[in-house]
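Two complexes come next, and they have one chain in common, chain A, joined by chain B in the first and chain C in the second.
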Partner chain A sequence: MRKILIIMISMVTLAGLSIGATQTSAFTNSFLVSSFSEVAASRTISESSVTSPDLNYISHGQVDSYVIQPGGGAATISQTIESTAQNYNGLGGGATFSSKVTATDVTNSYIIMKGTSTAEVCNKQDNSKIKSQTFGMGIAKPGEGEYSFEVNGAQKTTSDMVLALAPIVDYTKLLDKELIVAFEQIPTEFEQTPDILQQEVNFNYATSNNQPTYYGYDFTSTIAVDDTMCSSSMSLSHINY
Partner chain B sequence: MRTILIGILLLTSCMMCTDARISLEMSYYNSDDDMSMSLEGANLAFDSFCTLEPHSLTYSNGGSSKQPQAEYSYSLALNGETTFSSAETDSGMFGWSGNVDAGGDLGLDSLKVSTVSAVKDGSLNVAYGNDDLKVQEMVEAEKSGYQQQAQLSPNTVFSKGSGSTLQPVTGLAEILLASTKQSSFDTTEIEDDTTEKGEKSESSNALKTGSANLESSNDAAESTTSSDAGSNPESDPASSESQSQGIRYTINVQNVPKNKQGTIDSDVMGRTEAQWATQVKSESDEYYSFGVKTRGIGFAPIDELDMIGQATGFPLQILPPGNVKISYKDKTDSETSESWDPWAEPLEKYLELIDQQSRIFDSTYAGKSTPALWYYIENVYENKIPANIYYNPNLKGLEQYQLSMEFKVSEE
Partner chain C sequence: MKMLVALVALLALVGSAMAWDLSENLQYTLVKNGFEQAGADKVLPQVENTQSGAYFYEPDATYGEAWGVVTNQLGDVVLDRNTLDDACRNPAYSAADNNFYVTLTQGGSASLSMSAKDTITKDSEIVGTAKAYQNLWVGGEFSQLSATFTESKAIIGFQDIDPASYTGPETTNHYVVTDTKNAVATVDGETHAAGYFNTANTGVQVEAGLDQNYVGSGWAEPTYSGGITMWANFAGACDPHCANPIMTSVTGSAGTGLLPANTQEFASGTNNQPGWRIGDTHYWGTNLDTPNLQNA
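Entry: the complex of A and B
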């Protein structure tokens, strides 16, 4: 009898703790192979959102990479955007951006990564639905030679499907604004064309209640000019506490 | 004893200079080999020993200083091949030793020089090399220490250096501990420093061992990221303002035969705990390398955090590679809550976005572009099952049981 009572109390307690919790994770990849181009450029866009009766979170990510190869050169550009959004423990989300460029005969290279996110309370009331959306897009400039360009992506959404009020920790004016987080590479210009250039940037950030809680990046670069090769790298993690 | 000793010159020099400059030149030669040594310096101790025979020459010397203002410039040459080293510091130490072995039964000539230097909360300029490669290191250490060792010969140069900040930054350990518990941020690398501190404490003091190398900077100078350093954030209220520490480091390497040079400037200064490792490697005149590695953790913004490299015929290499910008923008009317309907059909919105982005992309990068490739995934969850939790007073019982009974009947 005592055991049954304990089990019943536990069930009621667990039920009371359940909240409407939905999490969406999505990624978009693009991959460009250009055999002969004077400018090789690629842009990947990924947008992800999760909407529940009370909360709405949207993140938008964009990666641009380009290399200038005046005499014509080969290039591969791979880009990835991964984003997550969730509506529990406040409005949260984050994104990871990655760009890897390998090219020959380069005189200029540049990478820019930009993420925006908004978090808000929905006015639309429909207490029975949770919706997640993911949009991915890629476009490239491959040059005049043969090329291959592909885009792929995926989305995963999980929800506990117990709809109840999700907690809004701090509803401030920030929630009415769009947060913009961007990594902008210092353009690399070459007086003497390197034999090979390989640069990779992985940039990511996380937000909570539309405030950045973390951002960081990993950068690696390998450049060879004649008999000299330089490998450099930097990792940075910034935590807002 | 048939061997006739034609001549042995045994010379031993020993001197100690305090607050005085010295200049010394020595040269020895026989019918096969000739060598020379020159030394200039201040506030240093020096000794040398030479055995000279008609067909062999053995020479060794060394010097050191732990004086607050000391310097030396030293070169050692054998048969026209030279190695050199020098150091100047206002708050450190240096030492060197040179050995020459020429002639002898095997006829193998060798010239080797080893140097060591260190600085703690001061400046250090060192130079070393041979006829092919000349290396110069300049260090400004604020509340930090740095030390380096080099092994030189006429054909090779090996050097390793390491350093670290000397003081734990007030409050940093507590925040690290809290963030480790409360967040999922990847602090593995920093944690490793802390957890391995006990194992590394003996070998990690750079000023004692100098065993760091570029590949394993974990062996660099004593970690100051420790959480058990005994610091009390409340004990020194002014410390947070006065805790800027770090190292400004420059290494320049010149390849004399090819008339090339390269430089790396590394500056880290601020409320940070950091470590450094440096390395120069030249195994022949065909190959050499040099590098700098630093890592740390501190309160943002760290006043100085950069590394700049340049080399002959090579583009400038700059770290950080870019900038992170964070800003807020007011949403346009079309994005406000009043007009935003998350349940509306979004396809039109995305088709518009594709068209817009394609136009922007084409104008940014003139020329033929690929068609935009895109996809859209939508998931809608509709909860049709009520999730009401309520107490049912008419619960029926469920019991689990076990009974047993045994009768034993015996026929008499």
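Entry: the complex of A and C
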């Protein structure tokens, strides 16, 4: 009886110890500045994949923002996509999507964010290497006026798994997860064209120990018309403990 | 052997509790600032009849479908900038010489936390609060202000509660609602020619709460709470009639109760906001067309 208990406690303790872990993060930013345009639109795409002996991970994120300025106006659109994943005490990670728009003479605006992440905790194909790839792209539609556009991004992957030709751990059951998230703002139409529109949306989610643990977003908006300024904000969070 | 069983049971209990516990938190604000130069009289239409609100809906909450709703609406605002009162006395100020400012703030919050049934701790399994508020601030010289807060409403609770999760009178809906209609706040220095104001701050707030604990082998009686708070403050000069009274008043009433009736469904019953859909979260505001949001 005592041996069984000791073995049981040992197993529980062992399960809590890491036998090696891989973690990865990637981001893509874009920044568009346009002037005297009838439309300003930006799409940012970020893709990241990691293959290591203990983690297969693929993520895809996209943020679209546009404003329509029929009479011609100035606009800046800043977008960010960040994603993280790790295999440490179970699959975990998350993603953040952000859009910040400042524009003049706007009649319509729209923001949409999408993300897909797929992860599994071991790589049956090749235990001899760690391979990571990232892809970031920005697409701008600045209209007729002058504009500038820039995109940058990075990815970092670290692992303390021991590389070997033979599997280090024989997982009898693969654990895999796919998570799809989306945020869509109902397109906004203005009855009276504001002098300035500023709005920012941050949307993010997180997973831990193989389970979704959090999702939420915050939204801020400022609209100025003549001598009236209207600011509004909203935040929502959903937490699983 | 008993220790082994206890250990396994404890691990299972921990795993179960982690899967059941969740919380929803919602906040929103809408702030509208207006400014007019001296001599103009177009400030109040910029804030009158502003309405805003937000709600969350979680279809997979622990004890049913969870709702939190907060809404506000400002109605008419009467502001007297006349230089003469009814008795033709003349307070020493001039609308023509003073700029005028107005700030309307509407906001609210709703939170609802749910945890697994647990008789070990005294913490309640269900704790929910909702609060809606609006505040009207005006600055510039004036003699009288009266604001009608058409509605402030706070709702927190569940619908489609799993019958297996409760005992007692059957109900599938379980909301606490506090609602106020046409609450009026007034500051008045004109009636008795007491002077004029530089600023005034008026507002209303409603709250609703829900608390329920699992004890022994069943639910304890739930605790419902709610209330209304109103205010009307001012700052100004008493020139030239310091001895005369300045009047302030707030009038409003609020009801807290369970809504809707047991047979009603929330989504089709009490709300009339356009664009509401099951399974989403919305923010709305009128005037200046502040945008709606949804998470799809």
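Keep this in mind: the second predicted complex is superposed on the first by the 193 of 241 C-alpha atoms of A that agree within 3 Å, B and C clash if a C-alpha of one lies under 4 Å from a C-alpha of the other, contacts with A are read in each partner's own complex, and residues count from 1 in each chain.
The criterion applied here is as follows: a residue touches a chain if its C-beta (ideal position, glycine included) is under 8 Å from a C-beta of that chain, and two chains touch if they have at least 3 such contacts.
In this text, all values refer to a predicted model and were calculated from it rather than measured experimentally.
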Which of chain B and chain C A:Asn56 touches, first, second, both or neither: first
Per-residue contact with chain A, leading partner among chain C and chain B: B
Touching partner for A:Thr96 - first (chain B), second (chain C), both, neither: neither
Touched partner set for A:His238, first chain B, second chain C, both or neither: both
Chain B versus chain C as contact partner of A:Gln23, first or second or both or neither: neither
Which of chain B and chain C A:Ile139 touches, first, second, both or neither: first
Touched partner set for A:Ser109, first chain B, second chain C, both or neither: second
Partner chain in contact with A:Thr84 - chain B first, chain C second, else both or neither: neither
First (chain B), second (chain C), both or neither touched by A:Asn204: neither
Touching partner for A:Ser34 - first (chain B), second (chain C), both, neither: neither
Touching both chain C and chain B, counted on chain A across the two superposed complexes: 12, 182-186, 188-192, 194, 201, 203, 215, 217, 219, 221, 223, 225, 228, 230, 232, 234, 236-239, 241
Chain A residues touching chain C - in the complex, by the definition given at the top: 1, 4-5, 8-9, 12, 109, 182-186, 188-192, 194, 199, 201, 203, 211, 215, 217, 219, 221, 223, 225, 227-241
Of all residues in chain C, those that touch chain A in their complex: 1, 3-4, 7, 11, 18-19, 21-36, 46, 52, 54, 56, 58, 115, 275, 281, 283, 285, 287-296
Chain A-touching residues of chain B, taken from the complex the two chains share: 175, 178-179, 183, 185-186, 260, 262, 300, 307, 309, 311-315, 317-331, 335-338, 340-343, 346, 350, 353-354, 357-358, 361, 364-365, 367-384, 387, 389, 391
Complex interface listing, chain A residues touching chain B: 11-12, 15-16, 18, 22, 24, 26, 30, 39, 41, 43, 45, 47, 49, 51, 56, 66, 111, 116, 118, 120-124, 126, 128-144, 147, 149-151, 153-155, 157, 159, 161-164, 174, 176-186, 188-192, 194, 201, 203, 212-215, 217, 219, 221, 223, 225-226, 228, 230, 232, 234, 236-239, 241
